[in-house]
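Next up: the structures, one after another.
You will see two complexes here that share chain A, one where it goes with chain B and one where it goes with chain C.
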Partner chain A sequence: MPEYASEIRQYITDRFLFGDDEKLGDDDSLLDAGVIDSTGILELINHLEERYGIKVQDEELLPENLDTIANISAFLGKKTA
Partner chain B sequence: MCGIAGIFDARGEGRIAAANLAPMVAALSHRGPDQRGIYLDRNTGLGHARLSIVDLETGAQPIRNETGTVWLVLNGEIYNHPELRTGLEAKGHRFYTRTDTEVLVHLYEDKGPDFVDDLNGQFALGLWDASRKRLLLARDRFGICPLYYAEHESRFLFASEIKALLASALLPPPSLEPRALDQILTFWTTLPGATAFQGIRELPPGHVLTIDAAGQRLRKYWDIPYQPPGSYVQATPQSVGNDILALLMDATKIRLRADVPVGSYLSGGLDSSGITALISRYFNRHVRTFGVRFEEEAFDEGGYQKEMAGRLEVEHRELEASNALIAEAFPRVIWHCEAPVLRTAPAPMLLLSRFVHEQGIKVVCTGEGADEVFGGYDIFRESLVRQFVLRRPDSPRRARLFERLYPQIFRTGREKISYRQFMARDPAQAEEPFFSHLVRWNNTARIKQFFSKEMRAALAGYSATEDLARMMPAGFERRDTLSKAQYLEDKLFLSNYLLTSQGDRMAMANSVEIRPPYLDHRIIDFMARVPPSWKILGLNEKRLLKKAFRDILPTSITRRTKHPYRAPIQSVFIGRLQSESYRDALSERSIRDAGVFDPEKVGRLFRKLEAASSASETEGMAVSGILSTQLLFEQFIRRFARPEASGVRWDVFVDKRAG
Partner chain C sequence: MKTAAGLVHHFLEKSARLFPGKAAVVHEHNRADYAWINGWANRLAHGLIRAGVRPGDRVVLVCENSVEYVVCYYGILKAGGIAVSMTTDIRPDGLAEALKELAPRVLIVSPKAGKAVRALDPISLGIARVMVIGPGPAAQSLRREAASFPEDLAACPEENPGLAIEPASCAAIVYTSGSAGRPKGVMLSHANITANTSAIIEYLGLTSNDIQMVVLPFFYVMGKSLLNTHFSVGGTVVINNKFAYTASVLKQMAEEGVTGFSGVPSTYAHLLFKSPLAAYRDKLPALRYCSQAGGHMPRSLKLELLKVLPRHTRLFIMYGATEASARLTYVPPERLEAKIDSIGIPITGVALKILSPEGNELMPGKIGELVARGANIMLGYYGDEEATKKVLDGDGYHTGDLGYRDEQGFFYVTERKDDQIKVGGHRINPREIEDTIIESRLASECLVLGVPDALQGRRLAGLVVPVRETAETIEGILKYCAAKLPKYKVPGSLRIVKDIPKTSSGKPDRGRSLKFFETDRVAER
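Entry: the complex of A and B
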């Protein structure tokens, strides 16, 4: 799981924070912190699908799966298991 | 319309120099290419650049009263001037011109500073009462005409545009104001009174400022009206529709008063189609109309323009605002907006006014204001829907309503779900007084992540929304959702953003005057007494306006889905950020010198955009905001050049400095 977390953090820092990762904790809500918006979620999902070869179903588009770095890592762990 | 400028020195030591005032007037020559005038005495200088529209022969300004003790410069139009003049003549006032400007001088003599209450029009004016040694500035109710001022070393300066204040050479070198930039990266505009520059203020719409030796007095003479439910009209929607049509007819009729031909903008939407139809049907069958076309289908309304023009049998001309032209025009847009902008939508309006000017037309009626007054904006529907959903956030059926708000934008299942979840967050927000706008403002505020460390430090502890909250009228939080949203939209979006960056500035850049009939204050006052639920029924926006136009417009126009006026952002800038017109402004050195943004982060954003074929809405706004801030810095701070004024030929030159 940690290997996902560091890649996801790097991706989010690059693409959405433009290099600034000072304040982003593993359990911070990406939506509430204003890191990503609804278009950003789609960008993130595209990245996960391409990078990890998974397919995210519409019904999996839930905050429990995608709203924090920890949730995304856990979700990826499940999908790639 | 015109440009006005002035200098006031309460000490009266005869220090008002034509050498300071003349460049101010010269800086406004695009607003008034036809005539120039100047008035000077020991306390005051007034300057005027005229675009001749009424009384072409004798209307040069400054204009005076019978005894030469009151002098006035006006930018704008007083539409009810014939009626006011009749009353003033009956009281014995004598006139030497046929202008609306002269009416103001005499009305002031009769009523003092309260004379503004009687005016129906769009105006910014400077009036000098030499016997009381009092300068008075006033601005129309909505801020259709701009007016700025600044003070330095006991001199007070005012002008239609900021560049004219800087041209005086009486102010210290300008610098950008961090709080104003924070406001723009929240609301898309500064708050009323502020500008992007330190020490330069805007006279807020609906205000009068008087200055004399005793000091300054700022008075609000009008505000967006709000009526509590108890005072709603007792009539049927049908008869309200008829009343609206009657008011609009008169508002349009008086806006056609001019000694030059008046054209009309025709976008193909409900608002401008309605005005154009009224003009061609009742007042001028041969009105000339003008519209913008876009190369991308998502933005273009050409089909509807053609249909309306064909039906009205008017001579319609189109200007194609290609992405390349928009990109090319952007630096000039910023020169005229005098503020950072987060959108490219002003650019096509600049291109259109140039096109209109080339055809010899000086005045056009426009549809501005209808969305604000009649409840047309998506943000109104969005906040009503969101409030409805947030009352029962777990109801999947309610949440599906979000999909009906923006069917063109959120198309796939994935997009819809993602948007729905985004909007259904944070139910507690529904209780906030600014609820309607929080999603937009929070999204916009994400651009602040590009601020430099110094900017962040300068802004520590500052909150633009708290600043706004202090300006709200008493009892604001108790108003209904739509009334609150409308007030915010009127105050911020209409007056401060739209009328400036897409209205007056883009038109006057090419010596064209806009006249928006929907912003006749009689219509606004009337609509304040109409129940909110009549304005937007369910998801049907501007219902009463559609009713008013039912016999005037075809159903293909009244029933079409609303198409908000937008211009492409991402596709305009992608691939062009390295172009010659932007390269200097966007260089790392210039970004560092301006000190607003972090060059490192900006570089990453630009690289992301250059590599991608598309970008998110916020990223598009970020690029526009960063580029326009940098262009503002280059044009107004780093390379500002005072206009040459030594060759100006004055049509009016009054010099009373000798006493």
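Entry: the complex of A and C
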């Protein structure tokens, strides 16, 4: 799971933070931090589906699964297990 | 139960008397009851008066939807101030410009809005005080703590200030962008807002049993109407700022027994295409109704909603304008299918006419401008008499929308006066093409524009937000349009975007959208 975290952090940093992830903790809400909004989420989901070969169901559009780097890591761990 | 509440904050004061211990606002772990909200709104009001706020002074509020927002909104009104609420996403220069124009006495910001404010010098703008009011991280779990509010407010009196305020005086300034030009500040009086609130309560049949799910920002006039209507009847407002996670919003609606949900067209596009709404059809027994305002929603989306929503959930399609506080018309749900393209009938107290450019009322079926009268029509645009005179005259408020009425008194909007595109000698209504694109089911949102073109003057192009982007998306949409529309109405090019640029009032921003095509012109040469 740790390896997902750093990959995800890298993706978010490159795609949404223009290379600067200094203040984003693993447990910081991406929505609250203004890193992501309702369209950014869809991009993130597309990326996760393509990169990790998973399918994110509509019912899984929950903050517990997607709103922090730690949550995304755990979610990926479950989906790829 | 209709009451003639003269002032907007009377909604809160009355409900605090009748239902003190009842949950007024629910936001994540916070459940704030009416007595608590009223008490803090009073403390804030007294604090504002102490900071020098006098009746008619502007107080700018930059705060996301939260319990604190609600306290601040009513607190400002109780102090006799004019509430001017802005998006927390406002850019520093946008805020600086607005503050110069408004010359507010006090500026209230949430920690989230910090960025825009740090770049300012309040003293040079004549601001007596800047208050930072939650929700900060500490405030989230401590409902009864004063942690969200400046310390000195805790010592202020809890009683209603009871100021003698004229109902006709300005209560709020709400910024709205037209299709062109800078945002204008719509001045709404207490009487405008209370009249509109009563009318909305009437056609929605709202009671103290109603629980509203709020995903729309309170700084929009529609968001505020959700708040004011439910506070007026002593209902409950559930705030969810995580609509991006649609599954969690639906889950909360089920858990809280939400009776009403409101959205603008993009809210419903999102709900239809990117959420488990279908799976929740049997899980929302309490959902009495959904309401839609904030612009034109394509027919195909309305029909899709009627199919997917629970059978007992009524769908209210509505129309209005910020300048009208904002509601003007609604479609009675039982008439929706028969009048699927209509914006409905006027709400109580509103008179709507279709006028020719010369100001003559037109017969049913004839197209003219929708002009409205009623107690809900604004006082005018702040600091802009010229713009005000352009839209307010003896006939009423000129909406800038073109349409007609039918024999049964139902109104229809065909297009916005300013959005008409002229391409190669044809006058084109972009809405017709946009609706067709949405009908293809390949896009959830779109915008059709007339892009400047050396040969034709303008050519048709469009921005589309795909439902699911593939290499064939654009081709698929163009093929669908070609099958449904005459050749000259098929866009020459389409560009895929993440979302359509919106104005500060959440409407598609055609001006900014044109910029996507600017580089094309350079490349052409």
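Throughout what follows, the second predicted complex is superposed on the first by the 81 of 81 C-alpha atoms of A that agree within 3 Å, B and C clash if a C-alpha of one lies under 4 Å from a C-alpha of the other, contacts with A are read in each partner's own complex, and residues count from 1 in each chain.
The working rule: contacts are C-beta pairs under 8 Å (C-beta built on N, C-alpha and C of every residue); 3 or more make two chains touch, one makes a residue touch a chain.
Nothing here was measured: the structure is a model prediction, and the numbers come from that model.
Contact with both chain B and chain C is seen for A:S38 once the two complexes are overlaid on the shared chain. Within the superposed three-chain model, A:D58 lies in touch with chain B and with chain C [touch as defined at top].
After overlaying the two complexes on the shared chain, residue contacts for A:D28 are found with neither chain B nor chain C. Of the two partner chains placed around the shared chain by superposition, neither chain B nor chain C is touched by A:E7.
When the shared chain is aligned, chain B comes close enough to touch A:R15, but chain C does not.
Common to the chain B-facing and chain C-facing surfaces of chain A are residues 31-32, 34, 37-43, 58, 61-63.
For chain C in complex with chain A, the touching residues are 89, 112, 241-248, 251, 270, 274-276, 279, 465, 469, 498-499.
If you check the complex, the residues on chain B that touch chain A are 410, 413-415, 417-419, 421-423, 425-426, 442-443, 445-446, 449-450, 600-602, 604-605, 608, 616-618.
Across the complex, chain A meets chain C through its residues 31-32, 34, 36-43, 46, 57-64, 66-67. Within the complex formed with chain B, the chain A residues making contact are 14-15, 17-20, 31-32, 34, 37-43, 45, 58, 61-63.
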